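Each of the next two complexes has subunit A plus one more chain, namely subunit B in the first and subunit C in the second.
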Partner chain A sequence: MAPRIQNQIVSNSLLPYLSSSSTSSSFTSLSSRPRRSCRSFSSTVAPQTRLRNQMFLWLRQEAAELKHHTPGETNYLTSKAEAARGYVGDPRPFPQNIHYCSESILSEELRTEIYNRVVKQKKSVRAVSVELKVDMRRVAAVVRLVELEKRMKEQGKLLALPYARAIHEMVPTTPLRHYDPSTHEEINDLPVHRLTNPQIFYPVSESRQFNRVDAGRVFSAAPALEHEQAAKDAVDPSETISRITQNPSHIEVVGKGEDEHQVLQPADVRIPHPHMVASRREQALVPQERAQQIKIYQARLQKEEEADQERKRRSEERKEKQTQRVQPEDSRFEFRINDVVVSQETTGKDGRNARAPGRRYGVPSYDRKKGQVKIPTRVEV
Partner chain B sequence: MRNRATQYLSKPKVRQSWSKWNLYNLVRFRIKNPMHRTHFQQKWDAKSASRAYHGEQVSEKQWARMFSPRIRSVVPMDHTGLARDDGSKWSAGRGQGHDDTMVDSRRWVKPMPFGQATYAPLERRLDVAVFRAMFASSARQARQFVIHGAVTVNGKKMRYPGYLLNPGDLFQVEPERVMFATGAPKDKYDRREMRVAQKQKEAAEEEEAAAEESKEEGKTKENQQEDLSPRDTLKVLLSQAKNIMSKDKDVLPAKRKQELRGFQKAVRRVLSRSESSTVLTDNLEAQFSELTLLLKAKKAENNTEKDTEKKSKPAASSTAAAEDTPEGGSKAASEADSEAQPGDKLSEAFRQAAENPEGEVDTSELTDEEFKVLRRALTQMRDNPIDHSKPYATPWRPRDYMNVFAMIPRYLEVHPKTCAAVYLRHPVVRPGSSEVPSPFSAATSELAFSWYLRRR
Partner chain C sequence: MVVRIRLSRFGNKHQPFYNIVVAQARSARDSKPLEVIGTFNPIPQRPTNLSEEQARTAKAYKEISLDRSRAKYWLGVGAQPSGSVWRLLGLAGLVQESKNVQN
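Moving on, here comes the complex of A and B:
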């Protein structure tokens, strides 16, 4: 039997982060003893190709520093070359792809801060998003995830604590700064609309003010606004914006049948935080008074919130009106019955639209046919 | 499905994997020189190279159906700019703004790398998302986790790796699987330890069966264990904790492990003395809190004994030590309570040991540093314990070369502690950057994109 070889790695990795508060440890590099064949009785040379030799040589020499991370720093393939050139920028994990950089994740403190502001201080998601410069969807997700963590702790389930610590050491994180909140990401992203893809040549007289609203109408092939209407909108642009954002179903519709679509709205309306534009306009009227500006912003946000709540309440009421609830006695279940609509709109032109339920004459169901994909398309909670 | 995602050295292909083979291939990956290739060949090369990375587990037919020439993009807007003007000055003059400065400022806007988002629809797949969230070491492994039922979507088990996530979906992988996937593998000594532990467990079970027949014998054994005085126990505990903490490289690994195991045993012994016997059977968390409570109690006693010189200093340091541990802050209140009335039997024994004026006592009186050492050892034991029943090397450490591939794209919000993530939105392209992690250059991706436009 071959003599036992003391494994060097074990000695240091036993308690990796006792000395410091990190998972990394000072690993001694493997002593470069010659590789042995795994078949100890065989006298033939192990099948080491030239390429394999080169790879292991590379791993031992150049890639030695890639093996383990330094806490709080990224350790990507490009980082060494970039540092040598004196270029400090976004960390790019792939040397050939200059368009992808590893973006920072929320640090643990920032995550708890978001949760505290939303759940304990009862601030709205919108307000927290603007305060901490984090996307609204991310704020909502953080709240969900922290709730999940609490639930798991209550149930006594095991959390992946060392793993989480290692991830936060390897990936760049956005720290929490109370007085100067660092931007985690862009919060006012405007999605590029399908209608704006084609280039349109649209002659306009030089005397005319051709603004974003007009451009949107041109892109969606809607007739130009009446002069009176345009003048009315221009008087108070903030009011116009909030009118549209609060009643999105009232937007003018153009086109017929399949091509029916809403008129493309200007960017002021379509960004996630239109209230920021409006309050900015109002703040411009009192340029020197900081306290006044904050007050204006708060009032605008409050107004926006109330309108949001009202709209949500109304839509819920409407839904409630349409559902009939039946709870039989001594039953655990409550049946919610909605009326089925089978019409031209729901079945579509060819009658095959999935929105309309039930079997329809002349429309075969391919449900049981070979090759039909049965993967669920959504999971409802 | 056969796994074609093997790594070759002769014709390198980059895969969605964290293996060192893949790392080496990633470094030396080159696209063929386009000078000697026709345009069709260039497109073919780009497509085959990029498909080996993006959705290699998806058949070509299926991917061709998923492909969409319309790529989602996004422009960050500045709200102050929007408030300043209504856009009419951009259309003034001859439709390009009044003065040339506007045209110049437009020139600075970076172009959108649309080609990089060619494979964005694949990022919606559950298996790819699990890999991107760093819960698996390769897309293939992520796929296996999904198929084996270790992944839930919105709390329900989802066994389809091809499930397309919707914005707002929360997916979670079992933490044990994630620790296995991302942790360093066991070496042969660990595996041997595992077998030994297994055998010991089996032997213990047999003994238990025997013990049930004669319960009286068991009682005498317990009495024997009680013989060790609490002071000695504490001393042993501390010395073992010190040994664990020492960073000497000349301490043999086997020795160190023995120490750790002994420490674990000692902790169990101390806990079994205390009144609440349920703690022993509870999880490590409860054990830890119990032990810290006991230590705290003892320390408070010490402070009252000799409050002449350092009255405020140890208290401050003890609170600092409490904040050191993650749960320390929250437990401070309960610990303060215990400091007030340490009526516990064990702490009483500790106190007596401390009061004992014999020469041996000085060693059992613990300093702040010693307390800290003990506390850290306990925290370590709770968070990242040695457990040979686990399928990864314990205590857990990240696998080699993991940091090279460590990145979390913005369209996911990942919570590593619970191994859960939310798919926030579909990946998009911004001016100058793309959200789809891809190792290929813009030229390669654009060629691949034009391949799937089917105008070849």
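Moving on, here comes the complex of A and C:
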């Protein structure tokens, strides 16, 4: 089968004015043609306006370079102008809009490498994300999409290869480098939490330490941590963080009824890769050799992953325990019977609590009302 | 008056969803019941997150959620299940499954 992405010079058929045959001939013939033929809809007497003249001049001279592009390199207006000034690789395609940057996409090799590492080498998504510096969600998406592509090939379905080729030629791509991989995107980004939106004036005595943990407790309206507990946590922060990330169900809960929520944890805990902070901290405290560092890092990652797997297994087991599966002989379907609890605690005093089973009475459903957006705007991974 | 365990229809057009309710027999289908003891989703769901071989053989499933202890209590005090609820309770093993269920 032909490769998905080709590497050869391609002429740009998207710009009709620049297509090779018409460039010179059309301009020369413009002046010789009768006026009405070239601009039949215009009521201007002049055959060409000044602006049109300028445009054609620009197309012939400066924009002539844009006619051909090298696959794998962007063919942006800005990059041409910047290259003249000695600055190469500007990701901004629009000279008038400096705030717009075209983000690079995964190159074909990087995409294949991600798939190989996750599926063939059986590495975890977390480890691959750190190794290749690609977001965990993107790693997962790559694996799913490559699987989908393989299945489509097996079924003999057509793939949109020309489209993929065109896109890979037009936009910047992140190449695969085995040693010192280039950063595709920030992997440890943290979205702003809803609880941190309000500005809170919180007086603290000067004699007391006030750190991120305390700030999280203030934001979630939880009482301050006891001094003994705070001192205990401060002894080994890495251990404290891994304890929380490995047992997220043990996080303290505050609030009552509908407002019940977990205490907001510090950013060190909530970031996608808390183990990176821990290993960095360890490095700073006890400088070790590189081989030793890698070993410690791998061990930490392994421990994290094992705890993660164990947690998933337990939650599935619990779910399975609550579900009874019945397969009647004469039915095409399986019936899954889940246990629920109807009590004062779940239904609430007025019977409208969301934790009770069933659709609610006396609670309006707005899903047929005008202006309700039903298209999902985000994907929870 | 008789107390019945029956289904009350929620959901939209072509998207039925039922609450399993305990209600007075002569009350309207969707009126506020004595108690909601579970739900039944009659639209078959495709199981997800399976390997390809598993996905080929897997049966679609219908979800029932039920509070067994409340169902037992209401049956114990003489509530009469409707035909469709009898079938569901039969699947859960709370009543005897029989082929000729009344209405």
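Please note the rule applied: the second predicted complex is superposed on the first by the 237 of 381 C-alpha atoms of A that agree within 3 Å, B and C clash if a C-alpha of one lies under 4 Å from a C-alpha of the other, contacts with A are read in each partner's own complex, and residues count from 1 in each chain.
Following the convention adopted for this analysis, a contact is a pair of C-beta atoms (placed from the backbone, for glycine too) under 8 Å apart; a residue touches a chain by one contact, two chains touch by 3 or more.
None of the values given here were measured: they were computed from a predicted structure.
When the shared chain is aligned, no partner comes close enough to touch A:Q121: not subunit B, not subunit C. Look at A:S205: by the touch rule set out above, it reaches neither subunit B nor subunit C. By the touch criterion stated above, A:Q372 is placed in contact with neither subunit B nor subunit C.
Within the superposed three-chain model, A:I337 lies in touch with subunit C and out of touch with subunit B [touch as defined at top].
Contacts of A:Q61 after superposition on the shared chain: neither subunit B nor subunit C is touched. A simple residue count on subunit A separates subunit B from subunit C, and the partner touching more is B.
Of the two partner chains placed by the overlay, neither subunit B nor subunit C lies in contact with A:Q288.
Contacts of A:G362 after superposition on the shared chain: subunit C is touched, whereas subunit B is not. Look at A:S43: by the touch rule set out above, it reaches neither subunit B nor subunit C. No residue of subunit A lies at the contact with subunit B in one complex and also at the contact with subunit C in the other.
Every residue of subunit C that touches subunit A in the complex is listed here, in rising order: 10-12, 17, 19-21, 32-33, 35-39, 44, 52, 59-68, 70, 91-92. Residues of subunit A touching subunit C in their complex: 151, 324-328, 332-342, 347, 356-359, 361-362, 367-368.
Residue ranges on subunit A touching subunit B, taken from their complex, read 6-7, 9-19, 23, 25, 28, 49, 51-52, 55, 58-59, 63, 66-69, 74-77, 93-103, 105-106, 111, 135, 137-138, 141-142, 144-146, 148-149, 152, 156-164, 166-168, 170-171, 185-186, 188-192, 194, 204, 206, 209-213, 215, 234, 237, 266-268, 271, 273, 276-278, 280-281, 284, 375-381. Here subunit B touches subunit A in the complex through residues 9-10, 20-21, 23-24, 26-27, 29, 70, 72-80, 82-84, 86-88, 91-93, 95, 113, 116, 134, 153-156, 158, 160, 162-164, 166-170, 172, 175-176, 178-179, 182-184, 187, 189, 244-245, 247, 249, 251-253, 256-257, 260, 283, 376-377, 380, 383-384, 386, 393, 395-398, 400-410, 413-422, 424-425, 428, 430, 432-442, 444, going by the rule given at the top.
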